[in-house]
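Each of the two complexes below includes subunit A, the first together with subunit B, the second together with subunit C.
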Partner chain A sequence: MSTPATKAPSQGGFRQAQAWLHTWCGLWFSWLLFAVFLTGTLAVFDEPITHWMTPEHHAEEAAAAAKKEKGEPTADRAQRLAWGMAYMARHHPGAPMWELWPSDAQGGGELRVFWFDANREYVGVTLDPVTGKPLNDGAGHAARATQGGHHFVDFHYELHAGTVGLWIIGIATMAMLVALVSGVITHKRIFKDFFTFRPKKGQRSWLDAHNAVAVLTLPFQFMIAYTGLVISGTSFMPAPKVLHYGTGPAAQMRFVSELSGSENPVATGRAMPVPVLEPFAARGQERMGQPVRAVVIDHPGDAGARIGVYGWNGDDDALRRLSAATSGMVQFSAATGEVQRVRLPGAADGGAAMTAQSAMGGLHMVTFGGWPMKWLYFLCGLAGTAMMGSGAVLFIVKRRQKHLGEFGGATARVYRLVEALNVAAIAGLAIACVGYLWANRLVPVGIGHRADRELQVFFALWALALVHAFVRQPARAWREQLGALAALCLLLPVVNFLTTGDHLLAQLLRSDWESLGVELGVMAFGLAALGALRHLLRKGAR
Partner chain B sequence: MYTRSSSFSPALRLLSRVAAAVFGGYALASAAAVFLAAVLPSGRAEAALGGMQFSFAVYTVAVIWAFAPVSLPRAWAGLVLPAVVLAGLGLALRGAGGGA
Partner chain C sequence: MTTVWASLLGLALAYAGMSCLSFAMDRHHEQLTRGREVPARRRTGLRVIGVVLLAAAVVPCVMAWGATVGSVAWLGFLSAGALPVALLLPYRPRAVAWGAGAAAVAGGAGLVPVLAGLLR
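For the complex of A and B:
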């Protein structure tokens, strides 16, 4: 490795140096970032995707809606809280925290209880609001085990690999910030070029496309990368925290409790039964002026127990507020009934930095603005995906015309590597994503570790696409993988019909917009793949 | 602009520049966060959080600097010196400023 690839940064002016940085930093991270962007974009609609992936719940949901319409009587809040407490006392008496969600904002709906299990995983169960019996621990009509749309959420920020994955994504995101800034510096005619698109001009068209999507959505791309880093920022940049608090779990707990402005309650070791919860719920509701969403008991069964009552934010609050997570909250001492702390709806925990942290979280995860904002994020996310993909393709299209010899004798082999990685990272990943939906319908429902099997299909398809991209010539690999992608996307409704009997018309008739949206969206991706394939075939014929 | 007299190969010089960007940049970003955590006028947890939030902007600019057409020693010095100064100030002011 000598010659231009290694010499460039110190030659010529600032702009050339930044062009070098943009090209190489962009190239080496473009494949991973493409995956992060495509799955992150799909993660915007994780709930509809989960809905589509758990068809067993559709009947349940319809029955619940019918029940609600008929106005079938369910228990009142006092009874619901008593049932939730009885369930926890019987099944999880040792849990350090009980969280009861008695009802929806109108006092109806399901009753849910949550706790941390032995592996410190947050788990919960739903209780019948008519009988107080657990709803989903009976066998029988078990829904298929699946991670649903959450797979895309998890993959896009930690690759299903925990801390290691989180750091890999963090490094890639820093590289993206650098590539964005160096790209802007490189691009001298940034606004003039924005109005330029020269189609069917090969390299020029790819450059124009790359510039157009990047410039048009530049603020979004900066925002999504920066907020993504800051959400996990204390992991990536622990120095200030370590300076003030030291290391270890105890230090982390002190940091978090100081941030939220509340001390963690301390267990006294003296036993005291949990008091009847309804009076606390009623007083909490009065103090904060919101209907009760959750009642949280820290150290249940201890004399030091604390009872927190949380409120429901109205829908319009969630639409208007960036840091929508803060509803009203009132904390009581369980022993004396005395109010320890009141947070009014919309008031932030802590000061400016904490508010900024919460707002950046809301900005990244689009918890505000409702469906129109989700669609805007989806489109901007697709533009970001296109920016990564077109950049990677542009790199090699430029070099197909004129060999730049950056890696001396190894240049041809490096170009071949880039070609193959382009195919597998772009078409191959898209195949893996839609293949994951196919797996959801084709993996048998009763099989053990079923959710893991779906993920294995995702990764196996991606690996297969990588092997295929190395075995076949680049032009063929593109055509074959785009063809496979188009077929998988366009045939998804067929597989769904053959396995569950559901279809687009039925979804339309029962106003199941989530299922309909998922299938039409996947078909739109299929048509795009078909269009790209047609373009390649025409070009090949010329 | 950069020292032609250097006896190292271009590949090694590039490696040094990448190391300056990655590790020098991280050191500078950490130091800036530590400095802000000490001087921001709020509780110490808030100040530590604020320092972290700002640090990624510092990191980005640091990497851009590392690939500016300046000599390698200057690129390194431009990252390490401010890092040492900011970290030193942050440590010295820890008790006084942010320790609310």
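For the complex of A and C:
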């Protein structure tokens, strides 16, 4: 039993230890986590961003929509499947897998075929649903090569650096969870200060803002960090897998096939033509209760071929299911026509563990709930971004008032380093993100490795911002980079107009909400940067 | 119920509920009324109304998205409803209060046909 007198200091000691942990764990990872959060937040809208970044597709999409509205008669599924198969048999007979997407859920739309080419790359072509001939006008070759919005997806979880990047992000995410827990323990008045924000009070305001955005969106921040780790769980904790299955591609294939509870089909070497697909499609549709999305043939032309029929999830499925990625599926033996496996809509392959994993993935990537949920994730993601940024700024604002001398003689130099990294990590990264969109419009369309050039602009701008932040005094660096950010954001529609002739009014008139949303969103970021700049200039004048 | 309609209702109810909870605290009550302390009965009243409004926000979420996704959406709307309260209070406490009243009335009115439909 301890008396209150001895208890109080020990509690203070614990809280102080947590505060120390929160400060240093938070600070050293805040710059990387700011980048992860900002790009991850943008990744919510990766499809609209990709749409904006591939203007050559806009005319095509409009023509397809007009065709659909006119109700031009198109072929039925049996004919579409026959055309798809004929195309593959003629052009890619040796491909180990054929994938035919006959139509949209209503039986209309385009007919598409996909396969793995000689370089194991997944490629596809669109066929005319009226004639069965490949569509070449404008598709593929003329469009600018770009990673589009997927750059933000890829960057936020592996920094375009493969497994090494994944590990770096994983460690940072662990640090974030540590900082969240220690932050809650450190925050003495978490309930009393729940809604507290006191502006224009310097250090106090930064602390309030940091607390408010973190506490009010705490469930989201925990969820997004935790699910982010769980998605790549077998990469971060590979020991059980390696012990049981070994390493190498063969082990990985065995692991995946056992996990999903399906055997990989084996080629027999005996030739057998691919049977007519429509009967398989019809039986598959009946068994799973969904319209047919895709028919996949493994080892076409072999007696061991397997035919998989996949379903379209209805709009309601995507809204109401966390693991919306899985649809119905029925597998047949091509030789005997017997059903090998049935997966009902919403069920994941391989039982409860895989279903849980799939729900975690859905929860992280917001595959559910439609546009309102995407906007909610965007908002909470921005709050998380603000949490990282305000934390990093708070560290240095606190020490501008009072030198704490943590690093002895080197303290001033460490503070200068932190100041510069703050500028480059916050304003500099934002410049790189919008600069990436500029690069999409300014890099010539026909150039080789074009998608890589866009990425190079992104990283070059970020590196430039870092150099600039070290060369200029912190206050100046902030002003100049915020100014550059505001200009780049607010002028993006101008560049778009000069390079493609498209503009906000035209987007509005043709109901192109995705393009309109991207440009208005970027302009909103620009106004925010302008607001921050004005605040700094006023403070400087005082 | 469409998801857009459910989002508006959920957001309105969450915002109104969070405002009530904030005005039940001395600091924010003072921002609004200049009265130092919240009278005990008003404090209890505001808290009860706030909790009821927050709980009511779960109804449109579950109706539009089902129980699984609906509960995720509800947690999200609680955060989204609380952020504007915290960020606007120091600048426009009266606007927060008026807005909360309007949101509570609109959210409640939006729920009436839903609840009536459930009872029938």
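Criterion: the second predicted complex is superposed on the first by the 521 of 542 C-alpha atoms of A that agree within 3 Å, B and C clash if a C-alpha of one lies under 4 Å from a C-alpha of the other, contacts with A are read in each partner's own complex, and residues count from 1 in each chain.
As a working rule, contacts are C-beta pairs under 8 Å (C-beta built on N, C-alpha and C of every residue); 3 or more make two chains touch, one makes a residue touch a chain.
Just so it is clear, the structure is predicted and the values come from calculations on it, not from any experiment.
Judged by the touch definition given at the top, the superposed model places A:A17 against subunit B, while subunit C stays out of reach. Residue contacts after overlaying the shared chain place A:V230 against subunit B, while subunit C stays out of touching range.
Applying the stated contact rule after C-alpha superposition, one finds that A:R198 touches subunit C and leaves subunit B untouched. The partner of subunit A that touches more of its residues, comparing subunit B with subunit C, is B.
When both complexes are overlaid on chain A, the residue A:A118 reaches neither subunit B nor subunit C.
Touch criterion met: A:L259 reaches subunit B, while subunit C stays clear of it. In the superposed model, A:G370 lies in contact with subunit C only, and not with subunit B.
By the touch criterion defined above, A:L509 lies against neither subunit B nor subunit C after alignment on the C-alpha atoms of chain A.
In the superposed model, A:T217 makes contact with subunit C only, not with subunit B.
Judged by the document's definition of touching, no subunit A residue lies at the interface with subunit B and also at the interface with subunit C. Subunit A meets subunit B in the complex at residues 1-2, 6-7, 9-14, 16-18, 20-21, 174, 177-178, 181-182, 185, 226, 229-230, 233-234, 236-237, 239-241, 243-245, 255, 258-259, 350-354, 356-357, 360. The touching residues of subunit C, counted against subunit A in their complex, run 3-4, 6-7, 18, 21-22, 25, 27-28, 64-66, 68-69, 72-73, 75-80, 82-83, 85-87, 89-91.
Residue ranges on subunit A touching subunit C, taken from their complex, read 192, 194-199, 212-213, 216-217, 219-220, 319-322, 363, 368-373, 376-377, 379-380, 383.
Listed in rising order, the residues of subunit B touching subunit A in the complex are 1-2, 9-11, 13-14, 17, 29-31, 33-34, 36-38, 40, 42-53, 55-57, 59-61, 63-64, 67-69, 71-72, 90-91, 94, 98-99.
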